[in-house]
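Both of the next two complexes hold subunit A, though its partner changes from subunit B to subunit C.
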Partner chain A sequence: MGKRGPFYWVSVSCGIMVLAFIVLPLYELLTAPSSAMLRETLKDRNVIHSIWLSIYTSLSAASISFAIGTPLAYVLARSSFRGKHFIESIIDLPIVIPHPVVGIAILSVAGRNHWLGHIMSELGIRIMGSTTGIITVLVFVGMPFYINSVKSGIEGISPRMENVARSLGAPMWSTFVRITFPLAWRSVLVGFIMCCARAISEFGAVVVVAYHPMTAPVLIYERFEGYGLKYSQPVAVWLVIVCLSLFLVLRILALSGKKAP
Partner chain B sequence: MERSHLNPAPTIFTILFFLVFVAVPLALAEPKGTVVMFHAGSLSMPFETMEKEFEAMYPGVDLQREASGSQAAARKVTDLHKPCDIVASADFKVIDKLLIPQFADLNIRFATNQLVLCYTDKSRMADKVSADNWYEILSTDGVVWGHSDPNLDPCGYRALMVLQLAEKYYGKPGLYDQMIANRPQENVRPKSVELVTLLQTGNMDYAWEYLSVAVQHGLKYVVLPEEINLGNYKHDEYYSQAVVKVTGKQPGEFMDMKGDSVTYGVTLIKDAPNKEAATAFLKYMLDPNGGLKVLQEQGQPPFIPCRIPTEEMRSLVPPELKEFVEVKN
Partner chain C sequence: MIEIKGLSVQLGEFRLNDIDLAVDEGGFFVLMGPTGSGKTILLEAIAGLVPVRNGSIVISGRDITRLPPEKRGVGIMYQDYALFPHLTVTGNIKFGLRYRRHDTKSTDKRFRKLVDDLGIGHLLHRCPDTLSGGELQRVALARALMVEPRVILLDEPLSALDPRFREEIRLLLKQTHSLSAITFFMVTHDFSEAISLATKAAIISNGVIQQTGTIHDIFQRPSSAFVADFVGMKNVFQARFNKTSAEVGSLRMEIPHCHHSSCGHVAIRPEDIVIGLNDRESNLNNSFAGIITSIIDQGFVYEVHVSVYDLLFKILVTKGSAVDLALDIGTGVRLSYKSSAVHVF
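On to the complex of A and B.
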């Protein structure tokens, strides 16, 4: 960097503002409860259960997105066809729909008044108030983040490699597994993290579909309404701590070996 | 050229005179600005109508409403310190418990309600259910029914009270436990109004609601005997036999809620940012030809006049509202 002009200082001050905007409220949250209170909260089995449920359902949602989203992301990255933009907009829909509406929409399909809900009820699958329901919601809200990340990752890989493999007689499946995926794994991991992060923070849609069993955000809400801020903050702190450490580990994994440009 | 001979002073004086003695007092007399109100979810529909009528009377005022469970409404004031003018609760005791004396002086009881068992055409056994067999249907395997969270929503603990009273009224020991055994924890939801969606989408067969909510949403419902529906304060003594344990001030702590008739309360927050307009709204709301009429039309019988517990509290009522309240416990 050469001479530090006005633009440099504008960037620096904007940067400080943005960081303070994010860090200050979080700092307030993290420092509000006393350490005794935090220890006390950790002894509460409901808290442990809800945080575990949040982690478990988010990881499940991200894994499901990985399994069914990866092939679609590949197709969208590699081929162009009529209606591609339309499909891409459909995939983005869950990002723009208000969260409670997502919950209501899923419930209306899952109810016995809908043919699909009727079949599910015959099969004994329940969405309302079940872990299945929570995972369904989380896949719905998290999937776009996964697909978009993987799609742009694959787009960044030159199709020539794949063409070479194909010209040497490798079938499409094997090309994908042996060439494309090893090159795109980082964006797959980033997509996985994004999907997970989106899922673990979801509240609005989850509380509509399942109040019990309680995920951590729902428990925080219940604690706040029932007991006030004092008893909801420690749970929030633990959720933030657990999430941060989880994502830190995943981030380190995703970035390891990658040189900063 | 001739205009320059005109002395501008009289014009300026006239304008100033108009501003100081006519426009400003008029503007001051007319309440304006925003009025913030936190209220129980079960009051959403009547307040929506009231908001329209009131804002037509006072075009300068914008009534901003937030619906939630009644306890949550009070918590927004006590814990979150959100600026607020009026809190209306589905149980007047919430105001006593959380808001008085620190955040409010008044507790005006303005309406009653009763509990009904709601269902739709598509509910299981919808063709059979009646006031004589509803408890058998709720005990039937495969019937999905629910209520709101007793710890968050008065409608939730009231639903449990109805079940307890039913055991006594119908003389069937063990009935309460038998019904509860058929209601998994997952069927308990934060707010009673949410259950309406579950009924309408076929995720649930029966749900406990206030009569007003059933009427407003066009649901089918079973009307229960007066002795157990919590709708008539003449039966308060009978109702008091029902006791429900709800969470107390901190996790792990519990307190007992005793059965009582369903009575709605409203209060003016002490440091209301717009007291003048808030009082104007209460004046409209407590008027038998204003808000109380709307409540009546929407299945929520009002108290005419509204009630306040003590003479001492009545002395704290703003003068504009005094004619609409009587001291009655």
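On to the complex of A and C.
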């Protein structure tokens, strides 16, 4: 191996800076509260409730994305039609819209003045200040991540396998269940994780639609605003631990079947 | 029997136009054409995998034009095998059984026989990514045969194999076809495959069928300059006919029979022309003196280009003869061929 040039050292230094930038604040956050404080926080019912609500609503949002996003991802991956790019842009819209605007946009549809909001209130569905509202917002912000991941996963599977399956007698639905889905499950899982991750961290849109019931990010914000950094840190640590372990488990699951290159 | 009438398909910029084909029941039919001519699209149209604009496809008297692929009884085998990577060899072969009524006992017997015939009994528990090209092809064939289709469509089944497997699988295809009542419809661009396997063939170019007929007709009696060139009749010239002779440029050559029109083409296969030294007279009807303009090495043979007045003939010469005759660029030679070697159209 030749002498390492300036390019190598610039790359290494930039790499170290980036890692430090991510790891240092997290390390400081995780080590700031004492273990006694962390234990104490866990006894607080509000904290437990908010973390549970965050997990529950994020998983629900990812499950809804799975149920209604998978067929759309399939269509986008397999067919080409006029206006496809336009539909893809619409799906990406939630990524670029500022978060509080998402909340306001959803409220403007769910309000009583809108016909849809009116129908929903007739049916007893409440968006403002409800778990349903939180899940709605989280589906809105998380769906693009799910659809994009599954779409690129399906694009990677040769349509010829589906063609052969059909020629062997399998109807479209059965072909999807027996061929496409088993071959795309890893990208489905990755999409699910991405959607969950996006949903669990959402604050701006949730706080507009539902301050109560309080999800973990809203609770952390409230404690930071009301009582300062010290008081909000232990809750933040628990949320980070929950998120990290959740994603670690899913990541292990997603990678366990993959062969080493 | 497969009867295709007036079939048109539009796929993006590509079009299949007014395809008419008839394939005998239980026959081995080959479709040949250059890359991008629409061979695979025609296969997929028969299998129901691309939408058909016009026309009809009838298999054994049943119109399948609007049926979904799973109801057509048409199997398809791709060049890249398209085995299901998440299933074992057994899983792949038995994939289609779920969708048809079957009696487990006789199916198991058939599975055993198929596996034995194709020599894949030792692979049953393996996954496709651990198999060689030849093994993959055998498994793909077994999978297609297991559901007893009426027609099997083969998309260049031998082109992805290395030469030692190619011969083996070619024999296997021939054998499998002769033992079954299934119609084989194969796409290829390899003439030796076509000649050794098929009885009838069609040539397609730019989405249009150029000629259809027996293998012998296609290779010996091409109906257009394109087909003649495509099947390797490298000497294709425009001609004016007068009884049993043809004027080609400033040459007059003997042809086997009178032609119905006064203008047309003549074609001569490069291997049908004999090359000799200029001083020897030939007793063949057509004999012309010319000069070698180039010699191209084609592995076992040379392709020698000889200019005769304003025409350029291409002739295949074995390497041994080329050395014996001391052929070189600029050498004066005499080329001769029988009148029966001249194909007129």
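What we mean here is this: the second predicted complex is superposed on the first by the 250 of 261 C-alpha atoms of A that agree within 3 Å, B and C clash if a C-alpha of one lies under 4 Å from a C-alpha of the other, contacts with A are read in each partner's own complex, and residues count from 1 in each chain.
We take it that a contact is a pair of C-beta atoms (placed from the backbone, for glycine too) under 8 Å apart; a residue touches a chain by one contact, two chains touch by 3 or more.
Please read these numbers as outputs of a predicted model, since none were measured by experiment.
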Who does A:S158 touch here: subunit B (first), subunit C (second), both, or neither?
second
Who does A:A210 touch here: subunit B (first), subunit C (second), both, or neither?
first
Between subunit B (first) and subunit C (second), which, if any, makes contact with A:L229: first, second, both or neither?
first
Just checking: does A:L248 make contact with subunit B only, subunit C only, both, or neither of them? Give me first, second, both or neither.
neither
Winner by number of subunit A residues touched, once subunit B and subunit C are compared:
B
Touch test for A:G169: subunit B only (first), subunit C only (second), both, or neither?
second
Have a look at where A:G117 lands relative to subunit B and subunit C in the superposition and call it first, second, both or neither.
first
Name the contact category of A:L19: first (subunit B only), second (subunit C only), both, or neither.
neither
So in the superposed three-chain picture, is A:P182 touching just subunit B, just subunit C, both, or none of them (first/second/both/neither)?
second
What is the contact status of A:I104 with respect to subunit B (first) and subunit C (second): first, second, both, or neither?
first
Subunit C - residues contacting subunit A, complex
44, 47-49, 68-70, 72, 74-78, 80, 82, 84-86, 95-96, 98-100, 143-144, 147, 149
Interface residues, subunit B side, partner subunit A - complex:
68-69, 71-72, 75, 78-80, 122, 149, 151-152, 184-190, 194, 197-198, 200-204, 247, 249-251
Across the complex, what residues on subunit A touch subunit B?
44, 46, 104, 107-108, 110-114, 117, 127-130, 207-208, 210-213, 221-231
So, in the complex, the side of subunit A touching subunit C is made of residues 158, 160-161, 163-172, 174, 178-179, 182-183
